[in-house]
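My structure is below; once you've seen it, I'll send some questions.
Note that the chains take the letters A, B and C in the order they are written out, and that residue 1 is the start of every chain.
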Amino acid sequence: MKTTRITGERIKEYLEKGKRFDGRKPEEFREISVETGVSKKAEGSARVKIGKTEVIVGVKLNVTEPYPDSPNKGNLMVTSELLPLSSGRFEYGPPRFPAIELGRLIDRAIRESKFIQLEKLCIKEGEKVWGVFIDIYSINDDGNLIDAAGLGAVIALKTAKLPEYDEKNEKIVYGKLTNKKVPVSKEIPIIVTTHKIGKSMIVDPTLEEEDVSEARITIGGTIEGSLFSIQKGNSKELTIEEIKKMLDISEKTRKKVFSSIEKYLK
Amino acid sequence: MEIKNKDQVERKIVIPGEVISKGEDYLPGEGTEKIGNEIIARRYGLAEESNRLIKIISLSGIYEPRNGNLVIGRVENITFYGWVIDLDSPETSFLHMQEVPKYINKGGLSDVLDIGDMVVAKVLEITSRGIDLTIKSRGLGKIDEGIIIKVNSNKVPRIIGKAGSMINLIKEESGCNITVGQNGLIWIKGNDVESELLVKKAIMFVAEKSFTQGLTDELKELFKKEKGK
Amino acid sequence: MATKTFKRPDGRKVDETRPMQAKVGVVPNADGSALFSFGDTIAIAAVYGPKKMHPQHQQDPEKGTLRCRYNMISFSVDDRIRPGPSRRSTEISKITEWSLEPSLLIKNYPNMVIDVHVNILQANASTRCAGINAAAMALAHAGIPMKNIVSSVSIGKLDKNLVVDLNKDEEDWEEGEGSTDIPITMTPNGEITHIQLDGRITKEQLKEGIELARKSTKEIYEVQKKALKDSIKT
């Protein structure tokens, strides 16, 4: 059931005092728990839980022709599915906007940050390159799937290894991973979405809070300070001051989130 | 007249298809079926026996409406003659404009109850079309402010407790007004958000530990701990 | 002739399933949910409902409708699966529905639907069986009135040998008569709610296989029962 209007009023009221229903501060994330290597079939995988929100992300590799406009670079494709399993609000059928947006947001963050060193994934220029597929699945939606998906994608990539490639027969030997990691850059892209509810700004909303979010900005950046993807969502307008504030909040939170997942990026 | 049992059926969790008891002594209550002289579970839950009647207390499943039930719902739609209310249950429920203690002009329905408003109502009648509601008695009507939480309707009896003991304990400790809908929606209104959230915490605590023995004492401990903060 | 001393690639006895894992409540949002695995084959199922059936024209005024959807996630197998339904997943969805329906007591839910979503997280053969086992638990967990809980297993024939719970290596068996795959679902009373066959087998051996399935599904039932009982603390 969607959050009721009167509960929404209380959420806003409480936020004006700097408090949230679950006791968190406005700029505080719920507990993040990560498991890597959760799939035996993916070349890299991660399960990320933020509070009760859960996503699993898998990285699969294949050998294929490069895209015509990048003959010496590997291919990248990010897909996301909001499984009907994960919420009564997701219906069975072709992906609707929220699923498409999620995939595109993560795609943009990974692509624009040049996190994957696609030039190193060229096998034979113009003919053969590695193709990287990142597939994101929601398992339980209790708000903030976007940020959970972003963490999952980055961690799955960071821990992914190239499978053995039988050049002679032009076949990938799946199940046999080499020790060669998928080439990624040192700068880790972290996605944090900041929401405006009433007069307050929060990060990592629960589903209840997400229901009453009036405007949101998803920002992808590194802890070193580079920003490479921004998207504003939801229908209310934001003033310049508010956007500046959200940029600041995003930067601070990004650093905190990074330190909680740093150990999984080794 | 009390019927003495030689061996009482032990309280235990059962799954559908499980034989709970054998013998002519027992009668099939809610969630069970008698086949031959066996009482078999047809629901997942706690099998309990009292006075030879064996029933299943479930913690999951849809709300099964009964006439006279107090319920809480959200106005989903306004028609010419009344309001379609969402009780978070698969049955459609409707509040006819005649069941409101007020004279309403046609076209003036949204002034009384608008889409998105929450309302406390009573189940008047259950028909093949759905559930008919009324807000004619005292204590019923539009909800002005507070927090609405949702639990599975099967847990409501536990939250209310024997003769209201559990919910009264929560009311006393928090100082809040609490209206529990039989459909699992609960309205909490207090003097401040902290007390309302304390009630939410307490109710979720009871809902999660439904079958634990000694729950009242554990709840009292919870209040002590929370108030100590 | 089939021998009981037949050596399976992973060392299992002919009537031994892979280690099974079962758990309920794995998806907090769902009305009921469960995970079930046979070794590396992992299935999760979530139940939403009963709720009003949409689209309206699919409503059944005489009873509730069970609607199952089986889906393998893209990285559940070696060769990535393109997201979206396939003919195979559509067929398995229906098979899953048919295997579960006889247990349900949903006459009292006219015009309502019970949605069961089965997702295979990792596949090493017998995925539909794992899915059915998870779905049966999830339905009970959701408080759906049921006669009983069904259990599913794949019976295989490798050359001339009957085995229980095929894995992928065994599914791809090529020696002799090759591999025959017989997924079967049974109620605790031994009634069959689902059976399929892919391969080549004699009537006698099939009957033998069905008896093997009876024994196996009893073991699986105990695992499902335990998972449901362990999930509630008293």
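The working rule: a contact is a pair of C-beta atoms (placed from the backbone, for glycine too) under 8 Å apart; a residue touches a chain by one contact, two chains touch by 3 or more.
Model, not experiment: these values are computed from the prediction.
Peer 1: Return the chain whose centre of C-alpha atoms lies at maximal distance from the corresponding centre of subunit A.
Peer 2: Checked the centroid distances; the maximum from subunit A is B.
Peer 1: A-C versus A-B: which interface comes out with more C-beta contact pairs?
Peer 2: Result: the pair with more contacts is A-C.
Peer 1: How many angstrom lie between the centres of subunit B and subunit C, each centre taken as the mean Cα position?
Peer 2: 34
Peer 1: Can you compute the centre-to-centre distance for subunit A and subunit C, using the mean CA position of each chain? Integer Å is fine.
Peer 2: Computed from C-alpha means, the inter-chain centre distance equals 32 Å.
Peer 1: Mind checking the centre-to-centre distance between subunit A and subunit B? Centres are C-alpha means, answer in whole Å.
Peer 2: Averaging C-alpha atoms per chain gives centres 39 Å apart.
Peer 1: Counting only residues that touch at least two other chains, what does the list for subunit C look like?
Peer 2: Counting only residues that touch two or more other chains, subunit C contributes 51.
Peer 1: Any idea which subunit B residues touch subunit A in the complex?
Peer 2: Counting only subunit B, the residues touching subunit A are 74, 86, 88, 116-118, 143-148, 150, 193, 196-197, 200.
Peer 1: Mind listing the subunit B positions that touch subunit C in their complex?
Peer 2: By the definition above, subunit B touches subunit C via 11-13, 15-18, 31, 42-46, 58-62, 90, 92, 152, 154, 209, 211-213.
Peer 1: Mind pulling up the subunit A residues that touch subunit B in the complex?
Peer 2: 1, 4-7, 9-10, 13-14, 17, 19, 21
Peer 1: Give the list of subunit C residues in touch with subunit A in this complex.
Peer 2: Residue list for subunit C touching subunit A: 26-30, 33, 40, 44-46, 48, 51, 69, 71, 73-80, 83-84, 115, 117, 119, 121-123.
Peer 1: Touching subunit B in the complex: which residues of subunit C?
Peer 2: Against subunit B, the touching part of subunit C is residues 31-32, 49-52, 103, 105, 109, 112, 140-149, 187-188, 224-225, 228-229, 232-234.
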